[in-house]
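Quick one: structure below, then a few questions.
As written, the chain order gives the labels A, B, C and D, with residue 1 at the start of each chain.
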Amino acid sequence: MIKVGVLGATGNVGQRFMQMLENHPIFELEVLGASSRSAGKKYADACYWYQTEPIPEEYANKMVQTTDPTDKAYEDVDIVFSALPSDLAKKLEPEFAKEGKLVFSNASAMRMENDVPLMIPEVNYDHFEMLDIQRENRNYDGAIITNPNCSTICAVITLKPIMDKFGIDLVNITTMQAISGAGYNGVPSMAIIDNLVPYIGSEEEKMQTESLKLLGAIDKENNKFTDANFKIGVSCNRVSVIDGHTESIFVKTTEEATPEEIKKVMDKFDPLKEYNLPTYAKPIVIREEMDRPQPRLDRDAGNGMSISVGRIREDPVFGIKYTALEHNTIRGAAGASVLNAELYVKKYL
Amino acid sequence: MIKVGVLGATGNVGQRFMQMLENHPIFELEVLGASSRSAGKKYADACYWYQTEPIPEEYANKMVQTTDPTDKAYEDVDIVFSALPSDLAKKLEPEFAKEGKLVFSNASAMRMENDVPLMIPEVNYDHFEMLDIQRENRNYDGAIITNPNCSTICAVITLKPIMDKFGIDLVNITTMQAISGAGYNGVPSMAIIDNLVPYIGSEEEKMQTESLKLLGAIDKENNKFTDANFKIGVSCNRVSVIDGHTESIFVKTTEEATPEEIKKVMDKFDPLKEYNLPTYAKPIVIREEMDRPQPRLDRDAGNGMSISVGRIREDPVFGIKYTALEHNTIRGAAGASVLNAELYVKKYL
Amino acid sequence: MIKVGVLGATGNVGQRFMQMLENHPIFELEVLGASSRSAGKKYADACYWYQTEPIPEEYANKMVQTTDPTDKAYEDVDIVFSALPSDLAKKLEPEFAKEGKLVFSNASAMRMENDVPLMIPEVNYDHFEMLDIQRENRNYDGAIITNPNCSTICAVITLKPIMDKFGIDLVNITTMQAISGAGYNGVPSMAIIDNLVPYIGSEEEKMQTESLKLLGAIDKENNKFTDANFKIGVSCNRVSVIDGHTESIFVKTTEEATPEEIKKVMDKFDPLKEYNLPTYAKPIVIREEMDRPQPRLDRDAGNGMSISVGRIREDPVFGIKYTALEHNTIRGAAGASVLNAELYVKKYL
Amino acid sequence: MIKVGVLGATGNVGQRFMQMLENHPIFELEVLGASSRSAGKKYADACYWYQTEPIPEEYANKMVQTTDPTDKAYEDVDIVFSALPSDLAKKLEPEFAKEGKLVFSNASAMRMENDVPLMIPEVNYDHFEMLDIQRENRNYDGAIITNPNCSTICAVITLKPIMDKFGIDLVNITTMQAISGAGYNGVPSMAIIDNLVPYIGSEEEKMQTESLKLLGAIDKENNKFTDANFKIGVSCNRVSVIDGHTESIFVKTTEEATPEEIKKVMDKFDPLKEYNLPTYAKPIVIREEMDRPQPRLDRDAGNGMSISVGRIREDPVFGIKYTALEHNTIRGAAGASVLNAELYVKKYL
């Protein structure tokens, strides 16, 4: 068993990390790290637990620790999962990496750094190779590996098999994102009941830049990432859904493809099957019904780790369009980090 | 005063017609037509009235009539507004036109007929010219003038000033549509609370074909409509909003345009101002806030007749993208028909 | 294994029955019975499955059967669970009982018959004793055992330990009930978003009469049920919640009791523990937080079989008040029938 | 015209005050007072305006002032309406009263003071008589007049005609309250979508104590208020409704009354008709439909100033039960204060 910690354990994504690490076959959650407001309290007292499953008993009475990497609590910990707010992540994640920890981060702070892998295991795990450069550049004993924004993951997992087989020239996405993505207090009910908000701060920019890094390559001569070679435009909306980001995706492929062909490559996409990772599920589940996927009905597919895709059909402008759905706090956040860590352990430890 | 009737008066759009015709300065609502289930009852007993304003008193006790154009009730009526279901509209609207009535229809049945104007007054009122052909072709004493699908209207009003000034090559739209568009019983609550449905039957096809007819021209040599010369692709979704369709719209203009220029042509777009039509409002209201328009806050702009547009910005693929919002049962349905009729009366009667 | 059937298998409660019978240790679901519209089709084609877990694979391809008890399909079946609409239940349930089947019914049709047990296993399983009379009266080889209305179950389970210890003089309940209780198409979204409906047909009457039968006794001399000896008044409301009925309950006990004492008797209430029934869970779970129970967070307690109770406190009029919450389609419907059947099997077969 | 100010002008109730004072025939809104964070800014910049009507133009560009009563801005102001948070109200309202202002307050801070009228004009305007005592006790040149909690107003307006005619022994109320009552940021969307919260801090206590003061009398010998002589118990819930508190109310009258008699006294209740107050509407509107009142459909009755009452029926425990509905931020907050002020002006100025 590898001992791990969670940074930002009391928030919404932090709680999801704890659910995913409960009874995990290779990770043992040792340290629940949170702000000084919570540190020193019992976890059950420090956080408002608002998941539909009760708080895992083994953690309820655990003492919350600080997020100081030199704290003795972290001594035996090899891996920390970070659900820190961006500003704190920028400061603390490098400190943990310097102390020799492997930081698997859901925060956006380090994602676009040129020596930090931004990773979806099914898409670009070769980007782990950048870690040697990162350690050299930054004098880390540990390392930082990030996962993308929730809405990026949903799209990119579905784009990967298309790109591999047919190439991609243009991508257009309009998102309809769940309220849980903004944290428990993020969206006031008066803002979203009988309403939607056609704006999520920085979300469009993240999706546009992260997608190109994820589907790009490592330029080994210059030791940096190079972007994928297509254009992508995005419009982001918040809708009255608790969990589950839905995306209307349009793709112009380089080589022409029929909806049937697209469906086939998506359905067959299963690149990590051989690794038997505990959190892994078939990345894409195809729905044949004309009115699916729907967030309430399909977000839990593959224990929340599968993207559900439906309505693959022709489009007059792009050629292909479809609807994709992701559980944003599992596949799009905590599960993404955990899966990154599981693959890393399998390959390198 | 011109005497008018409403066909399908008990449904959701029918109720909106009645609200818009109450105290109308030139139309006097004389006949409330509905199915044989309702005919013969008092209106207040025949329908479940679920608007937030109470049922207009002058109509509550009116006797509901049939939808038979030869019924004596329609004798003095010059105009009928049709909120009939599509199959009934296909049968009954031509019968009313033959009986000499001007039929202003919100139904989809006749929209794509090659001698029937599909009209948004601000966009293509020159299509009225087709009525001579229609009367000749069909032996009508009256005429049929249709308005488009709710979600088409929202988009096309915003596209018109762009096309006029810069030309349009490509359009991409993802809609997030209100439940009222499906009628009172159309969307079960179990289908839409904590959920969305990424499918609305025939909606994408309607938007794609209707937009090209609306922004097209009359081919006077061949006496038929010709489509506008751009490509358009659409993805339609139902969301948990009562009234107000929101659309993420992407446009590739023929001649390059900045967001600021697009905003300017939209803001100045006011083609029917001179006619002083009772139901007319400035067609496009620009919102400057980064998170607007929002359905609950902006659907009532211009008494529900203005499209609210916000977030006009650059897009990596199309050049321009923005968000548009429309009150779907007013501007997108009852108000669309009434405005068509008001303009016809002003120009031809 | 005892072979069982489900009548009304395609509806909302029918689907819940199938979920509860999947992998059941003593029941084997053999026959899915539904109306002639569905009979002869594969189950997956006959019903719109809208649970968040996928349709159990073993049932998806099963052929739907009729609801005719003489149909050969029912030959080996000993127990049928009925999720029929009330009018059909009234006709068909007696026919199944005559054919020798044990009918465990969630329908309201037979509940108040004077020789039919209305049962919550934790509350009044001695009412099974009425079955001898029933068989004699009605010439049944089988029998009919009903479970109460969903909202009745929630209240009565919490009242039982109070009555046993302190006696009850007066009860007042206001319910806030979930939309799933009305079936998938029961509540239009336009009726309940940003809204509530202060009326559910016959619900108040059911709660008021069923509670007294459930907490009443068998009058052995006259072979009939006698009502419990307290007064109960109810007001029922439908709210915008998918699953989970919440009830504000006020109780005047015969013998004075403090909130602390009430909490204690509820917490200790566990009358069927010894039977080890597969579907059984601790009947009442006490929540200590001041703002719980909440339907979204607590409805799944005890796999949906536990009532969550919180806010037990003093009331100036009644003495005691509290909030109770029940998963209405599990504990309040399918699970109620299944638990009745499990106990019957344990005690009599 | 009487010059008035609003304290706490940027919040949800503050915005409602501004809507009610726009174009008011006797009040002229002169000063928009808010915290130091807002003071000095233009109103449109200082607040996030989230009403469905646009921000009144005449106020959008007005400079926000402090809430310091000695500020020159308040020099010509005779009346201030207070939408301050409770702690600030406790400090500032007496200061304004000392400076000679009439303070009409929606805050709870001073409501239960023994020389401060807690008033619903239709119920107890004779409590104005306490103001002489108040001025003497507190050395005020002005005065403080409070209105009750939103949910109290709804209930007490319906209880008043019952008490006057039949007397009241016992009252039981369960509320289902709208999210707007907690302010724009008060209820996170994750707390209320597909959910309800069976707790609102201090709300039950407020309803229980305020109701007795409102329906009580002035003990002229001892110069204090005496409570009404009945018992009342309340349970409060927050539900997924934007505006509109719904209450299930049970009443045991002293003298027996039929539902028909109760309906009659409510319908005839119209005590302030003769004063022609600008904001006044018929206090109680009776709904005859079996499923009304409903918040979305009925909250705007009487421009939000009428309580809608329906389902008046017999109850086995109390004798009478019914459902009442109030627009909580109009009748239950801003409108309540404005009506108090209008009546005071009519009677004393």
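Basically, a residue touches a chain if its C-beta (ideal position, glycine included) is under 8 Å from a C-beta of that chain, and two chains touch if they have at least 3 such contacts.
No experiment lies behind these values; they were computed from the predicted model shown.
K.L.:
Stepping chain to touching chain, what's the minimum from chain A to chain C?
P.N.:
Tracing touching chains, the least step count from chain A to chain C comes to 1.
K.L.:
So using the touch definition from the top, which pair is joined by more C-beta contacts, C-D or B-C?
P.N.:
Most C-beta pairs in contact, of the two: C-D.
K.L.:
Hey, how far is the Cα centre of chain B from the one of chain C, in Å?
P.N.:
48
K.L.:
Roughly how many whole angstrom separate the Cα centroids of chain C and chain D?
P.N.:
Taking the average C-alpha coordinate of chain C and of chain D, the gap between them is 42 Å.
K.L.:
Please set out, as single numbers or ranges, the residues of chain C touching at least two other chains.
P.N.:
Residues 50, 193-194, 240, 242, 296-297 of chain C each touch two or more of the other chains.
K.L.:
Can you list the chain B residues touching chain A in their complex?
P.N.:
170-172, 174, 176, 191, 193-199, 208, 231-233, 235, 237, 239-242, 246, 248, 250, 290-297, 310-311, 315-318, 321, 323
K.L.:
Per the contact definition, I'd like the list of chain D residues that touch chain B in the complex.
P.N.:
Going through chain D, the ones touching chain B are 50-54, 193-194, 242, 296-297, 300.
K.L.:
Contact residues on chain D for chain A in the complex?
P.N.:
Interface residues on the chain D side: 50, 179-180, 184-194, 240, 242.
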